[in-house]
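Several structures are given next for inspection.
Common to both upcoming complexes is subunit A, partnered first by subunit B, then by subunit C.
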Partner chain A sequence: MSGENRKKLRRARNSFFGTRHRIASFFISAADTRIPPRLGGLRWMPAAIVLLFALQLFTGILLSLYYYPEPEQAYHSTRFLLGEVSSGWLTRSIHHWAGELLLLAVILHVAGVFFRRAYVAPREYEWVAGAFLLLAVFVFRFTGRLLPWDTIGYEATRHGLGMFKTVPVIGPVMATWLRGGEDMGPNTLSRFFTTHVLIMPWCVVFVGGLHFYLGRRHAQEGEDS
Partner chain B sequence: MLIICKPDLTEPDLQRLEMKLAELPYPLRWGRRSGRLVLLLERAHGDQEELQPVVEDPAVEHVLHNPSEREITRIFTRRDLLNLSLGTTGLLAGAAIFGPIAMYLAAPASERTARGDVLVARADAIPVNGARTKIIDGREFLIVRRDATNFHALARACTHSDVCLVDWDAKRRQLVCPCHRGIFDLNGNVVAGPPPRPLERLDVVIHEGAVYVRRK
Partner chain C sequence: MIVLLEPDAGPETVREVVRAIQELGLKAIPLREAKGNAIEVRGAERGRALELRGKPGVQEILTRRTALTGGEPVWPHGALRLAIMAVPLLVIILLLSVLFPPALGDAVDPAADGARVVEWYLRPVTALLDSFPTDASFVGSLIIALYWILFFVWPFVDRADPGTPRGRKTALAIRVMGAAVIVLVVVLVLVWRP
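After this line comes the complex of A and B, so read on.
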């Protein structure tokens, strides 16, 4: 840690929050993190993923302000957002393209970890948590695509649920659960909306937190990433 | 030592001052304060004789021998200029990000033109010959759909005795007050019974498939 950093930390520790909540210890541990001397092998990808996810949270909240999760209103409110709301098209496009980039970044991250053999002991749990996060990205995309209730989203979801039905024994039951009935309707939209904006973000925050914490611990213990 | 020069120095003034300052062995900072050239000699108690030519220069207006910290920081230095431009850039960048967000959060133009209009329901949620009630500014109104395109909004309080509220009689296509059999037509005019005046009515606006009542 450089002298300048030490000075900053002392200031943080003596600040209003620092003296009350020991918030400085967080910054101390953050400042103590060893950055690999060379950030090759896509080791910077997690930062890009966190940044894109934060962007998705922010634009997602903005979008939810104009969105109604009800079949008829869903399509109209999306049209309204694109046509009438100032920068509505921009907000939606950012949400869309950041989602695409997020998938790309996650795949590159997985590839990097795989080819560096960074999943070997003691990082197995990190890898497993990461696998769940990869799954979460797919769930986000699948549920998000239906929300505008346009033809593409409707058909894509219908086909996706059709694939669920082909799973032996539990398939039809699972499809019915996800649909909230025998046919796609308001229940489906409601379920997909809740999954997209409420369940998945919190899952990602907790599983991602674990993934991040384990990565930090292993890095501090000098394990190669 | 803080040397405050006169305002509007000419080029010869500056050259003369520069030559005198160049002979001094002290580190020097300079800046601007309210348009005047201000010089700060780091050595507070310098050799008085050495400083004499500078202090007596006609371009110099005022000399502070022991300037306070505040007097010194009031000099506008190159670093201050850089800080100011960085700060301005930061503010502009912030405005570029948060301006569109503020515009996004503001109700869009089509909603703003409907300011004062109260949303009742989607048009297809009210059947023909059906009615909806809506409280507008604390008073209850009946919104009646006469046919596919025509809606009427009438105050429910009967003009005969305003503790009674009129109802929509779909069969007779009239508004009926249950208290004293006051009967009104869809324009609010009295058809029968004791009411002395027609019902108050408000204009109805259809906008993108939704029914709004326009406040007076």
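After this line comes the complex of A and C, so read on.
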């Protein structure tokens, strides 16, 4: 830790908040966390992923203010958002493109880690957490496509769920469970909405946080990714 | 900081490590009393020793650049780099959002049989499943399931040691196979249409 930051840390610990909550000292010591110099190639991708996810959360919250997760209202509320709400189309558009780029960024990050062989011991579990993160972002993207309840999203989801049928024995059961019945309908929309808005954000935060924590711990032990 | 090499590391390995450390902007001096198996690194902020296995190359030095150089603090260096990266990214998102807003289709009619829509990230999987006849489509799903299982446990499968010649060859073969898979997937995403 540099001398300047050590002084700041001491000041923060002795401050009003520092003596009561240790929050200030936590932030000061976190700010002094060492990161690799000169991030080249795809090494800045994790930062892009965090930024894109934050953007997804922000625009997703804005979209949810006007959205109704029922088949008829879902479509009309999306149309209302596009036509009547100020900058509604832009918010939806940003949410869409940030989602596409988020998935692309996670795939590029995985490819970068693969080619650097940054998954070798002791980083095996960091890779596993990253693989779960990729899966979570896939599910995020897939469940979000149905929510406007338009023909494009409906057919894309029907095709995606149809692929489960090819899996022997458990495939059709899984497809029925995901649809909430034999055909796509209100149950499907409700399940996809809950997964997209309530379950997946926490999954991404948990798995991404674990991935980040393991990465930082290995970096402190002298092994960058 | 002292970088310790294995006792059987030859002068060629020492020279390569010295060159790699110098590329990080640090001064590297092989210590004579340690018979070339230790290198003193000057300019590094942290003063502890770093042990390197086998015959480390440039990549092994690069993966230890935080320990060797002392790294940079998250604030302000990391935050500044994040800001520099964030601006063009946000500009790209805004441009894409304004120029190519996502289309909203018609209202859903569950009775109608609509056109087949395949999302870009599902194209490689769909192409694989379509390449099998209907009664053998489970083979395609089996390949996809095996791919995902292999993807999750890959670090436990790839145990090649880059410190040995055999390990380096294995690592190169893995990279070439990975590149071939990526090229195939990219071609399917860009070219293949349902």
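Rule of thumb we're sticking to: the second predicted complex is superposed on the first by the 205 of 225 C-alpha atoms of A that agree within 3 Å, B and C clash if a C-alpha of one lies under 4 Å from a C-alpha of the other, contacts with A are read in each partner's own complex, and residues count from 1 in each chain.
The working rule: a contact is a pair of C-beta atoms (placed from the backbone, for glycine too) under 8 Å apart; a residue touches a chain by one contact, two chains touch by 3 or more.
All values derive from a computational prediction rather than experimental measurement.
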item	value
Joint occupancy of subunit A by subunit B and subunit C, clash or fit	fit
Partner touching more residues of subunit A, whether subunit B or subunit C	C
Partner chain(s) touched by A:96 [first = subunit B, second = subunit C, both, neither]	second
Inter-chain angle, subunit B to subunit C through the CA centre of subunit A, in degrees rounded to a multiple of 10	140
Partner chain in contact with A:68 - subunit B first, subunit C second, else both or neither	neither
First, second, both or neither for A:84, with subunit B first and subunit C second	first
First (subunit B), second (subunit C), both or neither touched by A:159	second
Contacts of A:212 with subunit B and subunit C, given as first, second, both or neither	neither
Nearest Cα pair across subunit B and subunit C, whole Å	13
Overlapping contact positions on subunit A, where the subunit C interface meets the subunit B interface	90
Complex contacts: residues of subunit B adjacent to subunit A	100-101, 103-106, 108-111, 208
For the subunit C and subunit A complex, residues of the former touching the latter	24, 50, 59, 62-67, 69-75, 77-78, 81-82, 85-86, 89, 92-94, 96-98, 100-110, 114-119, 121-122, 125-126, 129, 137-138, 140-141, 145, 151-156, 158-159, 162, 171, 174-175, 178-179, 182
Subunit A residues touching subunit C - in the complex, by the definition given at the top	2, 5, 30-39, 44, 47-48, 51-52, 55, 71, 75, 78-79, 82, 89-90, 92-94, 96-98, 101, 103, 111, 114-121, 123-124, 127-128, 131, 138, 141-142, 145, 148-156, 158-160, 163, 166-168, 171, 183-185, 219, 222-225
Of subunit A, residues touching subunit B in the complex	62, 65, 76, 80, 84-88, 90-91
